[in-house]
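Here you go, one structure.
In order of appearance the chains are A, B and C, and numbering begins at 1 in each one.
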Amino acid sequence: MENKLFRLPLSLRITTWTIISIWVVIATFPLLWLLVMSFKLPLDAFDANPFVVIFGPNTNNLAGGISILTVLLALAAGYILLTAFANREAILERFSSTSEGTSPWVVVGVYLGFVVVGALTFMFVIPLLSQLFKTILGGIPLIKWLVQPVMGLTTQHYQEVWFNNGFYKQFLNTMFVTVGVVSISLTIGTLAAYGLARTRTPWAFWILIAALIFRALPQSTLVTGYLPSFIEWGLYGKRFAVIVVLVAINQPFTIWMLRSFFMNIPAALDEAALVDGCNRLQAFWNVIMPIMWPGVITTGLFSFLLAYNDYLVAALLLDGETRTMVPAIISYFNRETTLTDQLEAIAAAASITFPLFLLVLFFQKQIVSGLTQGAVKG
Amino acid sequence: MKTKPFLMFVMPSLIMMIIFIAGPLLLVIVQSFQLTQNVFERVEQENCTPFGCTTEVKTIPVLDENGRAISETKWVGLANYRSLLDFGNVRKAFSAGGRGLDDVTDIAFWGALRFTLMFTLLTLPLVIGVGLLLAFTINAIAQNLRGPIIFVTLLPFIITPIIGALSIRWLFIGDGILTAQLERFTGQNISLFAQGWTIELLMYFYRVWHVAPFAFVIFYAALQTVQSAQIEAARIDGASRWDIIRSVIIPHLMPLIVFVSLIHLMDTYRVFDEIIGFRAEAFRTSLQWLTFDFLTPDDTGNRSIGRASASAILIMVGIVALLIAPLRNTWKEHNQR
Amino acid sequence: MKRLLATMISLLVVASSTAWAQCSIENDVPVTSLSAGFEAWKVVTDKMAECGNFTPELDQEFRTKQPAAMAASPSQYTIGGVSNSTIIPLLNDGLIRPLNDLVEEYGQDLAPNQLIEINGEIMAIAMMINAQHLMYRSDIFEELGLEIPTTYDEVLETAQAIQDAGVVDYPLGGTFMSGWNLGLEFMNMYLGMGGDFFADDNTATVNNEQGVAALEKLKALTEYMDPEFLASDSTVVQQQFQQGQIAMANLWASRAGAMDNEEESEVVGLIEYAAAPSAVEGGPPATTLWWDGMTVAANVSDEEAEAAFQLIVEGLQYDNLAANPDTAIWLANEPIESRIAKGAIDSAQAGAASYPASNIASLMHTAAGNNIADFLTGAESAEATLADIEEEFNAAAREAGFIE
């Protein structure tokens, strides 16, 4: 809402923007720096001079780099993509056939489309165009400075991590575990939260308090207790066991969050459905759930985050072929013996962060609304 | 909803929580009062390695007929707790010749407790303060500019905690880029990882960096629901900007400040990822790290399960103690409804 | 045409015989292994994989997983890669089998010093040794006319001379990272001082003059190191050497190969190796000797054990090890020429002790590693630190049942 209170005098506006700028720098600098380092050779990446790290002269000489033209092309492509993304509502409307709003499949398709187009642009189109321009314009006296490599850039660390060291296997494992956790967690969580939101028995309060205390337990104690039993029952190294454990450990948080979403839906809706002859389950599925989708998506996002970022459970219960990404990166550090190894670990860290970056980009609204729904009203 | 359908809805979730949380919790409570040991014997052993043969008396576990080590479990009451809390040395610290609190924080448990408590309690006002600051400032800029800035603000919150801690560690350790710039700026040699208090400050910074966005989003959303009517009324009464903030906005936000504090206390008391990411265990340990350390076997398989269980129970007691005050408010509110 | 055919046939023969020479047996029993992840293990397990049906698992977290995984029935891994200390949990729980019969049948190529025996039973086959010993910049020593130090007092004098000359950032490097590394430094120095760790009843006995002397020697060394020595493990020290920041360090032999890595090292060919210095004049080098090797699980069928053992022999073939002389100090029935072996072998010949691996030794190791940082930062006196170490050890040993 437009708050008249916040029509600010110049001094306050300057202060406001200063604070915001400082925060933006603090929030993004560590991650950006990691990203910059991951594309350079050790000689540049660990240099004390920041300009050497950013422009990577040694990398430029030894492994190749990008030209001013490439940078311009990348900026242009990025701008086009982001503007298109900001206007995605219009694109979604173009693709939806019914007037009742877009089907979820169309939404998924459009988002995937953005990812694919983005990937193709940056991994194929821009390098091809740069190469093309380099050969065409490379001979012309003044213009050729546009197409000569000026900033060192090498993708060898990423290639080493993803292909030679098989990081894609761990990526697939993480995806398998995360999707499993999210789907099962949401299924039983919504059922439980609905029950807790609609009941008046005192049990509900005690279950919620117990859940709160469970959420407060130190994970390490719980999980290390599982290891010997799991091994005895042949569950060691099985991704399904990890999915079950993560679902259980995250239940308290899930039901608290979903319950507060349910509390916002008036009970009158259920009552009406019950009067019409539905039983509780039918009322739940046909009447309440369609309205609840935003809340479910938001809670799903947080389940995704918890499963994706998990270290302790996956590190203790998985290994080798079934290992997930975050424990794998810790083992990179235990193994690092050369500076190149360290940069590979940094490339792996950047790779792990990138999907989360996309997640915030796509679901920023839902994340914000979820955090607020859960707290403001609940 | 009647009890039977309620139970049906709640059953799957409840079963999972009982098996994987309540069950192990009870197990840990029971284990904290027990001690499981192998039965040992002292035998002479001839050991031949690439470096020659030696004959020594070694203490090794007795094996049963299947070749497995025999272990016995016995009830020891509060022995594990006493071993962990080490009251003997606490008393010695405060008697003549002791160094008081310095000696007490040398004891593993108390040092970890000191760090955990200070970490939890000192980062709380910082998180709330930075969250409020960001909420006010971002709320004050034009609507269409907020999206990208909120996007950037969310990044520290969603990044994998261990990777976030590592990224900050890399910036500062040894000749990390920020330390190098600091050294150039001040002209002296700076080693941020050579003493405890600088590492501790870096960990505080990391935790605030990581959690403030969460506080920000909640406060920001609440700011959207401030009733403009109330503000207009206050304005007409001649209130200044700061008066309005103090008397209208902060009370409106208070329940959320309590909520954020609750979540923060619960999560930060379990601090663990920072100690791992910053590899700070030489200087500072937290209670959960201590528990984890007791449970991690060393090279030859030794673990301290008794003390680990006692430590885990004490962490729980600590959390419950911290939460009593805020929870009592919630219980009162719930009854008033 | 005939000549072409003849060439092709002879090529085929050569090709197939080389392929056959890659692994002398064809393995058809599935065998798995779990070991640490450093380079030496890669060399050995790659060779074993050539025989077929072999899945190695190289994981630095193996010490957490091995005892539990090999206790399963059947064991999750046929072969366990161990060192002197990580073999203990497997021995304690009876998880590995004696190899005497298999050695007799298949182990003719193994050297006698590769057989790790306990009361006459061969429990493991050692493949390499490792030790911390002195590494130094030969160019700096030549430039300043310095002699190779043989005692730690001489190390301190040499460090002072290097510092006065100002040719490197820090004269010394050290693996003083709090925890396992620092604990080992103390144990090495204390053994060098001639101290005993335990009394007959397993109680700790380090709070004595050798303990104080060991601590003070360690502290004196830190005066010449990078102030962040408590965050310094072997990777950090290796990098300090490679980037020309230090002149001397007591570093693991297995890191020596990296010094000559042209892609990363600025000191290729400038590092020389010598026996670890002694703590006291005339005493043995203040270092401990380690071995790494392979064991065969007890909870597997005899058929699998036999196949596994044959693979082990295959992996440790002389040609395979000799092709990688700078990866590790290999044990084989014929000596393998390697520049990096000098320091460890000199230390062994001068009487360095092998690491006294046992349950109580690692409790002592942990207690030392957790408490010495306080002394090095000046927060506590030597006697108080040693008393703390003894107390922490006694508490842990009492809980485990080693002390009444």
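Everything that follows uses one rule, which is that contacts are C-beta pairs under 8 Å (C-beta built on N, C-alpha and C of every residue); 3 or more make two chains touch, one makes a residue touch a chain.
The model shown is predicted, which means the values in this text are computed figures rather than measured ones.
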| item | value |
| --- | --- |
| Leading chain pair when contacts are tallied as C-beta pairs | A-B |
| Chain ID, smallest distance between chain and overall C-alpha centroids | B |
| Most distant chain from chain B by Cα centroid | C |
| Between chain A and chain B, centroid-to-centroid distance (C-alpha), Å | 23 |
| Centre distance in Å when chain B and chain C are each reduced to the mean of their C-alpha atoms | 35 |
| Whole-Å separation of chain centres (CA-atom averages), chain A against chain C | 41 |
| Chain C residues counted as touching two or more neighbouring chains | 64 |
| Per-residue multi-chain contacts in chain A, two or more chains | none |
| Contacting residues of chain C [partner chain A, same complex] | 37-39, 57, 59-61, 64-65, 68-69, 71-72, 76, 235, 238-239, 255, 258, 261, 263-264 |
| Parts of chain A lying in touch with chain B, wherever the complex brings them together | 1-6, 8, 12-13, 16-17, 19-20, 23-24, 26-31, 33-34, 46, 48-50, 53, 86, 188-189, 191-192, 194-196, 198-201, 203-205, 207, 209-222, 224-226, 244-245, 247-249, 251-252, 255, 279-280, 284, 305, 308-309, 311, 326, 329-330, 333, 346, 349, 352-353, 356-357, 359-361, 364, 367-369, 371-372, 375-376 |
| Touching residues on chain C, where the partner in the complex is chain B | 63-64, 67, 83-86, 88-89, 91-94, 113-120, 126, 129, 177-179, 202, 226-231, 236, 289, 291, 298, 331, 348, 354, 357-363, 365-366, 370, 373-374, 377, 379-380, 388, 391-392, 395-396, 398-402 |
| Chain C contact footprint on chain B (complex, rising order) | 35, 37-40, 45-53, 58-61, 63, 66-69, 80, 83, 86, 89, 102, 106, 108, 173-174, 189, 191, 193-195, 279, 281-283, 296-302, 304, 306-307 |
| Parts of chain B lying in touch with chain A, wherever the complex brings them together | 1, 3, 5-10, 12-14, 16-17, 19-22, 24-25, 27-28, 133-134, 137-141, 143, 147, 149-156, 158-164, 166-168, 170-171, 175, 177, 180-181, 209, 213-214, 217-218, 220-226, 228, 231-232, 235, 241, 244, 256, 259-260, 266, 269-270, 272-273, 276, 287-288, 291-292, 295, 308-309, 312, 315-316, 319-320, 323, 327, 334 |
